[in-house]
Structure formats: C-alpha cells, structure tokens
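Below: a set of structures, written as structure tokens.
Each of the next two complexes has chain A plus one more chain, namely chain B in the first and chain C in the second.
And then the complex of A and B:
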C-alpha cells in the first residue's frame, strides 16, 4: 500500500459529504484567493482550510504538512526572485554584488508576499478538494455538467489503471533495486530506461486484455455512472456559504492593507 | 442430463504455427462442476476462451445447447451472457473505478434500466458477501475481495455457465476454500461451472468431472478417482497425485487398506482406514463404542441472530460451522466464533463420529443439501448420525 492522496480521499471524515458542496467550497476559496489584492484573505483561507482539512476531515497533520511542503518550497524560491527583481520604493534590504545593487524594495516585497500567500491559500483549498473527494465523485459531477460521456469514461479508465501501473512500476523498481540496479548514476539511468520501456509494453498488453475483458461482458458502449452521492444537508450548505461570505468580506475590507 | 457445451474436433493455432489445441472433443453436461487440469501450456486457457467466443476456432466448432456458435455481434452477445468468464488476474477484469460500476458494467451493457441494474448489482454483491463495498475502488480491495467482485460482475449477468480461470491462484488457503465453497453454492443453485486449476487436491475433491489436458489435447476425462487413480497418467501430465490418493496408495501397498477406488476425501479415507484397522486388530474394537454426536442444522433465513445465539446456549455444540455467504455474514454480525468455514459438512460428520455434536448454520437450498449429504453418508457407511433441523419454535 502506498501513501497516496487517493487513500485519504477514500477514507477521510468528509468522504460522504455532498461532492458539489465540497467542490463549491474549494473552488470558491481559490477564486477569492487569487482575486484578493491584499495577502490577508489568502492567509485566512490557508489557515482555515488547513484547520478544516486536519480537524474536520481528519487528515493526519504530519502527512498534510509534508504534502504542503512541496508547493511551499516552489513558491518560496519563485517569490524570492520576484522580490529582488520587482518594483520601486524604499529599499528594505540591499546587497552589493560585484558592483550590482541587488535590493528588495517595498513594492517587490509586497508583491512577493501577496504571491506566496495566494499560492498557499490556493494550494490549501485544492488539497481540501483532493483529500476529501474521491476522483470518481468528481467524475459524476462532471457528468451532470454535460461533459461528453466518452471523455469521462476515458478518464475513469485512465484513473483506474494508474494504480495498476503504479503497482507494476513499484514491483519492477524493487526487482531492479534487489539486483543493485540503482548503484551509480549510469546504472540508475539504464534501469529507469528499462522500467519505462517495460511499463509501456505492459500498458499496451493491458489495453488488449482490457478490450477482451470488456467484450466478454457484452460491451456496447455503456459504463454505468450512477451518482450515489449523498444530498447536501442544509446546515452544511449554510456553513459553506457563511465561510465563503467571510472570505469575501475579509478580501473586501482588507483591500487597502499593505503588509509592509 | 442435457449437454450444455460441446466441442467438435476443435483446433487452434497461433500465428507462428504453434498448436494450442488440436482435435478437442468434449461434452459438458448441465449442472456439473468440471475441472480442467493439466501442466502449463496444455491449452486450458485457450479452450476456456473459446467457450464464450472470445477466440474463434481455426478448426472444428463449439456448440452451445447443440447450436454451433456464430461469431457475429449479436450471437456473441447472447453467448457471452449465457457463458460468463472470470479471468485469472482480477486486475484484468476489474476495470471500472468503483465496485458498483464494475458489477453494473454487464447489466448496463445488456440494456437494463438504471433501477434494474441497481437491483442486480445489489443482489450480486450480497451473494458474494460484499454488500456495503459499492463505492470502494478496486485498488483498495484485497486479493480475495477482488475475486469476489469479479465473480459478482459475472453473476449480475445471470449466466447459465460460469468459467473460472485458476480461481484460487494467488489466494491464501482459507480464502481459496471460501471461494470454492461459494462456487459449490452457485452450483447447487443450478449453475454449470468450469474451472481450470493446477491444484490437484482441489480438482479431485471439488469436481464432478475432471478433464486432463496436455499439449493441446485431452488425455482423459472422468470422475476425480477415475482420472487421478492412474498414477502413470498423472506423471505423464506433469501433475502430482492428490494427497488423499497418494496416502491411500501407500497404505494399500502396505496392505492396511484395500478397495477398488481411492477415497474422495479425508472423511472417506478415515473410514476406509478404520475398517481396515478393525478387520486387522479386533482387540481395539473391544473398547466401548463411541456414541456419535448430533449435527444440528439451522437455516439463517428463518432464524434471527438472537434466536441462534439462544439455541447455541441451549445445545452447547462443541463446534460451529457456517456454510454459504449469508450464514457467514450473519455469524460475523452476531459475533459467533466459527470453527469451520469450509468443508463444513464433512468436518461435522468427522466430529460426530468421535462423539462431538456440532451446529451448521446455512441457508436456502443448502439446508437440504446438508441433510442429504449426512443421510447419504449414513447409508453408505452404516454409521448412525442424527441430523436435527432447527427451525423457529423447535427446541
């Protein structure tokens, strides 16, 4: 068993909450985050979404923080560049590198702060969706939004077989490591090339077996997509609406606040 | 008995000329349990793929209920509905992202209404003991659960014949036995079953008819004892003797037992051995004869869990067994610890013979099956075992 996002999506405490509501909450928060002009609202979203995910959906904090570390590290390095490259105003910090004056100015610092808070707020909202909503539920919402059946069916098959190939890739990798396939750069590169080519061939074979399996059960172009999601409780709808309204209010009220 | 599937001079060759099957003539009767056994590459899987038209024969023909198969789209649909196939690797078969969708795949493609599809899926999942698993994705299931879902997916199409390619490969022994018991239950419900296997013990014990294959041809057909009684033939087919037969032959070699046919199972082996010993050493029979225990049979369709627990407290059986999925689900729900979950009737007879009483929980047609099995045993062996059928209000 791998420690996958998908495992938590299947087993979290908000698993059975209405999918549309969860999507609306997550997407709404993202939209407010990216449209807010001050970093206050995105920071509020990041903190509250984090708390919702950990306290209400009961995702282990350790796993969640590790997950968050990936986008944070990306965001950090890119905003550092933005902070140095951008803007006018009083220099807050400057350093002389071989005659170049490298400085972080007020404008740049504010922009960097806004960027990083938007990124983290957005990521927290996205993780909220990813960690509480199984893919399959999202597919059934897409179906009601009249996305073509063939697109959805294809995505569902792709989703299903990701896990089959993930297992196969893990097994091939173990088989390589067991025979020291990872000793040295040259060996690892070689092993990786073999893994990729074998996986490609296997997926091809798997595709052929899939056709046989579907034919054996009288395939005539139908994959049942019954929407089995629970109805949204009025209380949950109210809570989500109040939360989104709060973000909107914070975003509007703090539009003139600059952090620095 | 009517013939349900038949092959006539069936042949199949791969593109490079390798012969997979040649001159295969078999007749399978309705309502039987058939095992195809043979070494790797004997053509078992190829033959199975021909029974529901996935492979088209290069020579000869396959007949379903006396009619040769046609290979146009609508004929294939009807044959594939009538002859369902469970693949060896469940991941090949479970392609939908949730259990519900996978089981619903067949019925949906047969054009049933959404409501009818739901009814069939609910029934099939309950049958294999996986109610409540509807929304799980297949990659979150154990090997045994995947196999059950694969079987449910076929069951939901109501086939007359079910073909299972190596149904117990990669499963732990207890799970294998439970899957085989479920197949037994299906067979009692009237389905014709065909399995392929390398497990000679399983084929010997389970199958009404064994078809021994080698190099794309049929070496021998017959009942388990007929096929596995011939050790030379078994050696030629690169198999081994079932442990019961092997033991019996060695005992017979030492003159401890004799008889024309090897025993079918442990129960028969014990009886043969006991008779042999008694004839040889009369002194041992001077001991007080054991009073056989009773076997209580209760129908879980008729009794609620609290009633069964009350009965258990009253009769205090030394062992408890459950046969069939619904009985097992109920026992688990009621917190009843089971001693036997497979081979239940034989185990209970064995216990009864050493003076212990037991309770069998089961349902539907298997109640009669259990009673008949015990009665047949008593008639053949001369033992007197009382089978008590418990129903509401009795005792």
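And then the complex of A and C:
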C-alpha cells in the first residue's frame, strides 16, 4: 500500500543538500525539456536525471524503472492521437478503417516522438525533485516565497494526514478482502463506497479532535517551521549551473534535428 | 485524468496557469474569510484534502479492467462548494505529482483547471439545480459526480486539442479524436464514480447526517427523511 515517493525523499543520499538548489535544478530541467523543439535535449535530460537519481541520490534502480512505467499509458494514448491527427508530408504508415484512411505522416510522427521524449524527460526531472526533497523542506521554501500562510498551513496538515488515512484505508481494505468484499462487481462497488465513506467520517472526526488538541496547545493559526537545510556549497551551485547550461546549449544546438 | 509532465508545450502550460491561478486565489480569499470567522474550519478542510488525496490513490473497481482512480472532485464540490475545492485540488494535485507521479508541475495549471475548477463547478451547479428541482438526493449526487467527471474529461481533451490541433480539421477534429480515445476509459469511470459517490452519501446519512447539515449540503429535514427511509 505504502508506495509513496516520499519514503525515499526522507532517506536518499541527497537528503541534506540545499533545497533551493535541488528545486532549481529539477524545475530548470523541466522547463528546458518543455521548451526544447527537438527530442535530443529531453532525452539528454531523461538519461542524465535518471543517472543522477540512481547513482548520486542512490535510489534503487528497480524501483526507479517501475516509476517510469506510470506515465507510459497516458503518453501512449495521447501520442497515438497526435501521431494520427497531425501532419502533412509522406505517410509512413497507413491503415484503412471503415473507409477512413488513417495515416501517420512524417511530421506527425516527429511530433509524437518529441512529445514522448519531453514527457519522459519531464517525468525524470519531476522524480528527481520528488525522490530527493522532503516535503517539509519545500514548505519552508514556500514560506519565504510569500505564499499565503493559510495555504501552507492547510498543505502541511493535509500532508500530515495523508499517511494516517493511507494506513486506515489499507486496514479497511484488507478487512473487506478477507470477508470476500471484492467478489463480483456489485460487492466491490459497495465495499469501495463503504470504505470511502467510513474513511471520510473517520477523517472528519479526527479533524474535530485535531481542533481540540491544537486549541489546547494554543494554536494561533500558524505553525512554525525551522529551516534546517544546509547552505548550498559553491561547488554544488557551480555543478548545477553547468548542468542547466549544458541542457540549454544542447537544446539550442540541436533545434533543427528531427528523428525521422 | 491527469496530463503528464512535459506534455503541454510552451505557450499552453503558461496559459492554463494564468487561467487557474486567479480562481485559486479567489478560493484562498474565500477560505481565509471563513477561517477568520470560524477557526475550526481549517483542520476540517485539511482532513478533507487528505481524504481526497487518499481516495484518488485507491484503485476503483472498474468495468474495462484498466486501473482507474476516482477523482473525488464531484464529492468535494458538493461538500465544500467549487471555490474551496479549487484550493484543495491544487494542493492535492501537487502531492499527486510529487508522491504518486500522476500529473506534473508544468501541467499543474491545466490539471487544476480541468479537475479543480471545471469539474467541481459543473458538479456543484448540477447538484444545486437537481436539489432545487426536488430530485432525490442520491440521484442528485450521482448526476453531480458523473457530470463533474465528464466535464473534467471534456476539458482535458479540449486542452490537448488546443495544444495539438489536427492538420486537417484543426482543433475540432483533434478534440473529437481525443474525446474518442479517452472515452474508452473515462466514460465508464465517470458512471462508476457517480454510483460510488451516491453510495457514499448513503453511508454518510446513516452514520453522521449532522456533518452534511453542518456543511449546508442538505437541510436537516431532507436528511432525516432519507435516514428513516433507509432503515
């Protein structure tokens, strides 16, 4: 049940590196990926981010490769549409479906490849942030960015309760499966509805108790955070800047390269 | 339905951010007003946000066999109204991107717009309209949750079509193609989520009808009547 990226964010080898630096690196790579007009830079980002995450942050390679399967189904469906609907030029492949001539043409296929590479590059950079940066550190960065206090407060409490409810949901689910609650569609729908409603009511009651508990501790509408992150080493800043510059250079130099 | 990281190209991801941020900001403003008046709402909103996240991380029994997740947007809109739901959705979407690898950061604006704004708004309006016209509460909830899901899926398809118009037929042809291909998974999912949400309300009413009254979802009289009918 617990298969959250957050578990690794707490224990990876880059845990204590400066948060802003990690965020800047990840976000910068994502933005270069999305802006690149050829698939070369996103592929470079995907490979290098993958290596950084596995080799430097020491995330198990097997877990990481499983993660990469998540975006595949969405990417597949959407790129198929793009490939068929887009483009002029030589048809590379065509089928006749109920009298419609469906063809993948050259620039349609190019665009599809570009999209897949951007998605994978973007996901690898997102995984880098998700797997190396604990949420609490991100909160303290958000605080300095003048995000409204109530929003940060809300996010922190949501974060806290996600784990409580995941455990409860897992327990209720195994209790239901043990009693054959998942046999047949009708049973499983009913069981699912029961699980979610009980979960909501339990969380509501938990919330009511939380108010009392926080009031008892003089909660003033603001939880304080200490910023524990280490200062960024000049060496690390230089490496990150060089990396981002390399991506930008690759994106600019390869802007005319097409895969097909 | 989440748009993955990296899928929306340059002008579009910024445009969707520009469209969703004002709505979310208005939601924050509304939320601050309520919190100022009744401080106990913030923890309650927080547990509800966590609930929406957990709900969306559970696999729902599905007809097509594909792995499908409920969105919880229809339910959020019925319980909290569309504005506050937009704030909760945006936070939940960030967590989904960072913890579950669903969606992404550049596509956050587009996803917030489809799942946190368009869907809840439709769900909320449908729910209010059906309650006003005297429909049974369960049917109203079913319609609201189903149509909220369908609206989300329409908007997502539109977002993709606008970013990738077809060579012949333009945005419209591309829109139809995205609709058709995602209908395979999304249409059954919407109906299932509608049914599940309606069933959830049955349990809400049996166990803690007073919470629904407190949230202004239905009047105490309606809840009492439904409670008696289900016994």
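Keep this in mind: the second predicted complex is superposed on the first by the 258 of 260 C-alpha atoms of A that agree within 3 Å, B and C clash if a C-alpha of one lies under 4 Å from a C-alpha of the other, contacts with A are read in each partner's own complex, and residues count from 1 in each chain.
Here, a contact is a pair of C-beta atoms (placed from the backbone, for glycine too) under 8 Å apart; a residue touches a chain by one contact, two chains touch by 3 or more.
What you are looking at is a predicted structure, and each value in this text was computed from that prediction instead of being measured.
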Practice item. Tell me which partner A:136 touches in the superposition: chain B (first), chain C (second), both or neither. Key: first
Exercise for review: In the overlay, answer first, second, both or neither for which of chain B and chain C A:27 touches.
Suggested key: second
Check your understanding: Thinking of the overlay built on chain A, is A:82 touched by chain B (first), by chain C (second), by both, or by neither?
Key -> second
Practice item. May I ask you to name which of chain B and chain C touches more residues of chain A? Key: C
Check your understanding: Can A:218 be said to touch chain B (first), chain C (second), both, or neither?
Key -> first
Check your understanding: Is A:197 contacted by the first partner chain B, the second partner chain C, both or neither?
Key -> second
Practice item. Determine, under the contact definition given at the top, whether A:10 touches first (chain B), second (chain C), both, or neither. Key: first
Practice item. Return first, second, both or neither, reflecting whether A:241 touches chain B, chain C, both chains, or no partner chain. Key: neither
Practice item. In the overlay, answer first, second, both or neither for which of chain B and chain C A:232 touches. Key: neither
Practice item. Using the touch definition from the top, say if A:119 reaches chain B (first), chain C (second), both or neither. Key: second
Practice item. Check chain A for residues that touch chain B in one structure and chain C in the other, and list them. Key: 6, 135, 157, 159-161, 164, 206, 210, 214, 221
Exercise for review: Write out the stretch or stretches of chain A touching chain B in their complex.
Suggested key: 6-7, 10, 134-136, 139, 156-157, 159-161, 163-164, 167, 206, 209-210, 212-226, 228
Check your understanding: What does chain B use to touch chain A in their complex?
Key -> 52, 54, 76-77, 80-81, 84-85, 87, 91-98, 100-101, 104-111, 114, 117-118, 134-140, 153-154, 157
Exercise for review: Using the touch definition up top, name the residues of chain C that touch chain A in the complex.
Suggested key: 1-10, 13, 28, 31-32, 35, 39-40, 42-51, 53-55, 57-58, 60-61, 63, 66, 70, 87-88, 91-92, 94-95, 97-102, 104-106, 160, 164, 166-167, 169, 173-174, 177-178, 181-182, 192, 195-197, 199-204, 207-208, 211
**Study point:** In the complex, chain A residues that touch chain C
**Key:** 4-6, 27, 30-31, 33-35, 42, 67, 70-71, 73-75, 77-78, 80-82, 84-88, 105, 108, 111, 115, 118-123, 125-127, 129-130, 135, 148, 150-151, 153-155, 157-162, 164-166, 169, 173, 182, 185, 188-190, 192-201, 203-204, 206-208, 210-211, 214, 221
